[in-house]
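After this come two complexes, each holding subunit A, first together with subunit B and then together with subunit C.
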Partner chain A sequence: MSFLMDNTEKARYLLLGNEAIARGALEAGVNVASGYPGTPSSEIIESLSKIAKDANIYVEWSTNEKVAMEVAAAASFAGLRSMCVMKQNGVNVGSDFLLHLAGSGTRGGMVIVPCEDPGALSSVNEGESRYFAKLFEIPLLEPGDFQEVKDMTKWAFELSEKINNFVMLRSVTRFSHASGNVTYGDIIKRDINAQFKYDGFILDPMEGLPISAPVEYKHSEQQKKLKQAAEIFEKSPFNTYTGVKKPELLVITSSACNLYCKEAIQLLGAEDKVGLLKLGTTWPLPQGLLKTHLSETKKVLIVEEVLPFMEENIKVVALEMAGEIGNKIFYGKNDNTLPKVGELNPDIVTQALSKILNLKYEQRSDEYIKKAQNIVLTKAPHRELTFCPGCPHRSSYWSIHNALKLDGRKGFVCGDIGCYSLAFLPCGFSTLKTLHSMGSGTGLASGFGKLKQFGFAQSVLAVCGDSTFFHTAMPALVNAVHHKSDFTLIILDNSGTAMTGFQPHPGLKSNAMGEEVPSIDIAKICVAMGAKVRVQDPFDLENTQKQLLDLMEYKEGVKVMILRQICALSPEKKAKKKYEMSIDENKCIGENCGCNRLCTRIFRCPGLEWDAKANVARIDDVICRGCGVCADICPGKAINKKEAA
Partner chain B sequence: MGFLGPNELTENVIQKNLCIGCGACMNLCPYFRSYRCKTAMLFPCTVSEGRCASFCPKIEVDLDYLSKQYFGNLFGASSLGHNISIMISQKGKKIKNHTFQAGGTVSALISFALKKKYISSAILTDREGLLPIPRIITKDEDVFKCASTKYAAAPTLSALNTAIGKGHSQIGVVGTPCQTTAIAQMRTTQSTNKDPVGMVIGLFCTWALDYTQLEPFISQQIETNKILKFDILPPPAEIMEIYTTDGKKHEISLDKIRKFIPATCSYCADMTSEFSDISVGVLEGYPDKNTLIIRSEKGKMLVDEAEKEGYIIVDEIPEKSLEHLKTAARQKRKRALLKAKEDGLLNATEDGKFSCIKLNSLSIEKITA
Partner chain C sequence: MSSMKISKDPYNIIITGVGGQGNVLASRILANMFVENNFFVTIGESFGASQRGGSVMSHLRISKESCYSPQIPKGLADIIVSLEPIEAIRVLLDYGNSDIKVLSNSRPVRPPGVIAGDMNYPSLDEIKISLKELSSDVWIIDATEKAVEMGNPILGNIIMLGALAGVSDLPLYKDDFQKVMSRNISSDKIDINLQAYDLGSDMVNQ
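Moving on to the complex of A and B:
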């Protein structure tokens, strides 16, 4: 049995934050869990999918976050407990549904879990979903340690049922992708027969219609429930205070910053000067609790990542209470005590505290920093962001790049979200010139492809992955075909949601729980939409380039090129080499006229290395995945491929 | 020559629109490629001296050096270049009827040379629709597929580089003045003693046309895959005729296509492909005859043998026709040198500036007088 299912009393495990969330949901007796893969959130659904059968839960990787939310909401309407998981910007994708769901209310406990990425460690944004909680007028919970990650997840379901609305639980990379000790609680057994009741009194939250109309009435009911949540929060054990009764400085924090604050206070030995109010319930704010603590101090520092969400809300509360508690001096993001971008860390918080309290903080000497930087720069091998050895994207972009150059119309690629986003860098031959949200490459291309009447004469390409195609590229493609936009969409189909760890998507034959499901044919969809479609193996460089140039020649309409080659790291392919590669040193042209190190200077697969002493290229046998593509780019025919045994 | 690399080539030829797309820099390395007759540099190359730049007929072409290498003297002021004899010609009885541009002399000579193994392969230019396609031809009967003028500037020499790369020797090439100039530069900068080129037949050329502009213009009015032959009528007609497989003749005013002449043609001082063994062109007023200029002993031998065996028929050139030809060639030469001089592309001396043409001052003076 999985460690996540252990029901021994007070069992204690070192859990990944995402596993703690999964355990919390299990303890709450979750019935349905849905989500769309996105770092740092993916392990929650993955953990649950592995135990779906044992735990009798339904787990789904949905087509996109909006659908995932709808799937979870349906379970709630049928009286079940459900959870929906995504990365921060996934909330944006489903926000329209969430606005209406907040208005209609929910039945069975429903928890939305955005795992956010301050500092954009694995994102192209450091977006905030906390503002959505305020906008939608629903409760926001932010665990402050690993135990709380599990406990608050469990509690979130109860809270949801108390107020008949969904609850947002926000994790961050430093919880989701770090590990901490968690003591288990009981797994609740809930014996529920799912049924969607709709024939009660129309306005009854449990048996009427879950619709946001009549809007004003439902809205005021929702606000009453939110007030109820705020009252519960006043006594919540997840809001804690540590420190002297009348601190010189009150630090208010939440989430992972709780850990940084604790460390900073300890580091400075400032326990007698600083009080730490850690809030687990950050919207709506527990005003009474705040009043109690604000009354005891003059100076307040608010520590949070990224934007001053709590800071601004607390200031409003403090202003309203100013008559009773007096004016306070606030430190935080607005006065630049803390940065409004990136992750925080104990060092940043320590510096802020030392500045405010005028405490001496022995930072490492400049000399030490210089020395450390020097070691990093000279001793650590330089590793740039690049595609893996044997990655089909390198081959795809090679052909895309060459086709664009030959086409000669200053063409470019509208990018999308996936490993292939890296193509704005040299690993993708710098072909990618726009990069925004999921599916927006196709949407942008649809727009560029309609600018001819204004003198626009560049060739337009868009890329999207197979999972991204289903996620949000499809509506953009429909738009493009319908409006006779002129561009070529290249679908980089590597048979899985590769970047986040090979989660299944509608194009595949099995689902999150390993069940056999019908796969949906991308090529057929595109043909049905009315696009001109070609399917090609990107490892065949010559034909890929030829076909692509051919498609780009068609003057009107949307062209689709599906480049199909399984990811080099996919479970099916892993560790299997198709070819054994070798280099004929006598044929290698090296740096001379006729080659100038094409393979190691331009193509730059990590499986190839340049031996400067011998003036020849070499294969790194350990790293090479044996895709064989470099043999086809070598102008000297010095790279040989032999079918692997 | 030999001191320039891909950076100079890209900056001074490709980016300044001086590239005619002859193909001399292509298929030598992975960087220069031709697509729809346009030269593209796929990736930056950092070598300081490259064959690409030393072969290019548009940068630092030292006419005196080439002339010395080929003909033993400085480049003179004569309008038709070094020659042994000038005559008129047409295909002989041994050659079946076909759609030839004029007298069919080039096809006849090349097929003869292949048959008699004077050359082992021929680099010719085929056509698909309006798109010129460089070919490596090894069978004499395949020569005729490539007959007749293409007018669009073609990357013919890419096929020569491919053939050399494959180890061909005794290669025959048919090319325009820019292409034959490039071949001359290739042959004088070869690192090995073995010259892979066995015979160069140059074509007369006043200007070429830019395929990427010509194609959309022509394909609006004519199905390009039905085109049999193009012809430009002698002045003052100002008309291009296009014959199609349905037996029709389409007339297009030269006015409308002159704008498709690449700017780089205005710097070309060579009308008759002077660095060749034999040069062939039309003979004004005689649509089924050619003008033939024999420039080397090897060329003379080929013409003599071909005539002896009935592959071509030769005759004396009428005095009037020769004068016409000389005038036209002289005028092109003069225009080009004046233009190059005006634009700083003749004997450039400034640091970092490169010439299109380099030539002794005495000849410049005579030509531009």
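Moving on to the complex of A and C:
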């Protein structure tokens, strides 16, 4: 039995925040869980998919976040409890549906869980979905420690059923991808009999039509639900206060910042000066609770990530109450006490507190820091991100780079989200020149490909991954074909959602729960759309380049090249090297070759190494994955590949 | 009865290395060894984009009292376990102090800029001197080489955990390691991991 299913009383485990969310959902008796992979959210659906059969739940990796939300909402309409999980920008993808869902309301408890990435540790944005909660007029919950991550997830389902609307539970990287001790509650058993009722009075929330019209009536009902949530929040055990009754400074915080604040107060020994109000319910705000605590102090610091969401909302509340509670001095993001970009940490909060309270904090001597800076500068060469050894993307981009050079029309690649995003760096030979959202490379290329009448003469390429193709590249490709846009789309098909850990997608033969499902052929879809399509193994450098140049020469219409090679980190590839690689040191003449060290200077696979003293390239056996591609790059034929035993 | 005390509360451990070296697994095994003895443990991890050949770091906060933040405050780490030598240096800049201990693997994973020949990778002697200048105790062991001898370089992280048990005064016991491993890996791999753990302890106790 999985540790996530343990139902012994008060069992205690060290859980990844994402596992705690999964456990909370299990305790609530969740029936349906859906999502689209995205760091730092992916382990929630992964954990649930592994135990789907034992727990009698339906789990799916949906094609994209909007579909995932619709799948979860259907379960709610049928009276089931459902959860939908995504990374922060996933909420953007599904926001059109969510706006209407907030108006129609839900039935069985429905919770959407954006896992956000302040500081963009694994993202190309640090966007926030908290503003969506305000925009959609739905409750927003933000757990403040690992136990609460589990407990509040469970509670979110109950709250959703109380107000007949979905609830947003926001996690962040420092919970989702951090671990802490969690004590379990019971997994409740609910009687399940799914049925979508629509025969009742049309406006009845449980048996009428779940639609957002008549809009004004439904909107006012929605606002009543929000008011009801605000009343519940006034007494919520997830809003806590620690500290003296009349603190010199009141700190109001939420989410992972709660842990930073606690630590900062402890580091400064400021327990007698600072009161900490941790809010778990951050929209709508518990105004009565705020009034109680704001009345006891003059100075208020608001600590949150990333934008001043709470800060601005609390200021409105404080202004409305100013007659009763008096004017306050606010510190936070708007006065630059705290940064408005990046993630916070205990140090940033400590510095803010020490500045406001005029307390001294020195972590270590300046001398130590200076010494460390000097040593790092000379002894710890920067480690740039790169593709893994044996990664098919390195080979794909090698051919793309060469084809663009030979094509000679100042061509470029429009990219999107996946491991292959890294191609704006030298590891992808800096070929990638645009990088925005999922599928946006294809959409941008569709636009670039229509600019000829304005003198645009550059060749246009786009890349997308196999999972991204289904997610959002397909509509852009339809648009491009229909409008006869001129570009070549390269689909980097590595047989899985590789970046987030090989989650299945519609192109594969099994689903999240390991069941056999029909796979959808990307090449056939592209042909059906009317694109000119080629399929190629990117490890065959010569033919990839040739085929690509060939496609780029067609002047009109959309060309698609599918480069198919399994990810080097896939269990199948990790298990065994295909080739044993070696360098013939008699043939490698290093700097004297004229190749300009093509293998180490340009190709830069981590499995290679350059021995400057011996003037020879080498293979690092521990790191090399034996893909064999570097042997085809060396013009001196100094790299040998031998089938591995 | 073995001592279940830690010399400082919270005790802050950083496990660092390069994506793909088994940093995450090592930190979870270590953390669960403390959980076996009823410690509060928080792990803060960087993975995702950093998995792709980047520097990775796990912060472990061990306490008898309460749950600490997943990020160690600057300058407050107590020991660094580094699966890659220059990563130990890098971590010291932010989290080091003159009392810190450093346990490092000797095997380099060269950054792309070094492979390209644009930057130099320091010699092991230079690394040793640098680490000594910024810490109170330094141990460097050939974990990857020994792991390769055992048949799989990935065992390097387990050798490092065994070495950590050997060099530190932390309440780390082989029984707990065995218990935790048996929950995390298939039974046919337990023996080789136990051997790696023992080897790590032996390497620092010679």
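Of note:
As a convention for this text, the second predicted complex is superposed on the first by the 634 of 645 C-alpha atoms of A that agree within 3 Å, B and C clash if a C-alpha of one lies under 4 Å from a C-alpha of the other, contacts with A are read in each partner's own complex, and residues count from 1 in each chain.
One rule holds for everything that comes next: a contact is a pair of C-beta atoms (placed from the backbone, for glycine too) under 8 Å apart; a residue touches a chain by one contact, two chains touch by 3 or more.
Everything quoted here is computed from the prediction, not taken from an experiment.
In the superposed model, A:Cys593 lies in contact with subunit B only, and not with subunit C.
In the superposed model, A:Glu572 lies in contact with neither subunit B nor subunit C.
Of the two partner chains, neither subunit B nor subunit C is touched by A:Glu515. Looking at the shared chain after the overlay, A:Pro606 reaches subunit C, while subunit B stays out of its contact range. Contacts of A:Glu384 after superposition: subunit C is touched, whereas subunit B is not reached.
In the superposed model, A:Leu549 makes contact with subunit B only, not with subunit C. When the shared chain is aligned, subunit B comes close enough to touch A:Asn402, but subunit C does not. Counting the residues of subunit A touched by each of subunit B and subunit C gives the higher count for C.
Touched by subunit B in one complex and by subunit C in the other are residues 601-602 of subunit A. Residues 401-402, 405-408, 429, 549, 591-596, 598, 601-602, 633, 635 of subunit A are the ones that touch subunit B when the two sit in their complex. Put simply, subunit B touches subunit A in their complex at residues 28-31, 33, 35, 38, 40-43, 45-47, 49-52. Only residues 18, 20, 28, 31-32, 35, 40-50, 52-55, 67-76, 86-87, 89-90, 92-93, 96-98, 107, 109-117, 119-122, 126-127, 130, 133-134, 144, 148, 153, 183 of subunit C touch subunit A when the two sit together in their complex.
Subunit A meets subunit C in the complex at residues 3, 13-14, 39-40, 121-123, 145-147, 174-175, 177-181, 256, 259-260, 262-263, 267, 345-347, 350, 363-365, 368-369, 371-373, 375-376, 378-388, 419, 422, 426-427, 499-500, 569, 597, 600-602, 604-606, 608-610, 612, 620, 622-623.
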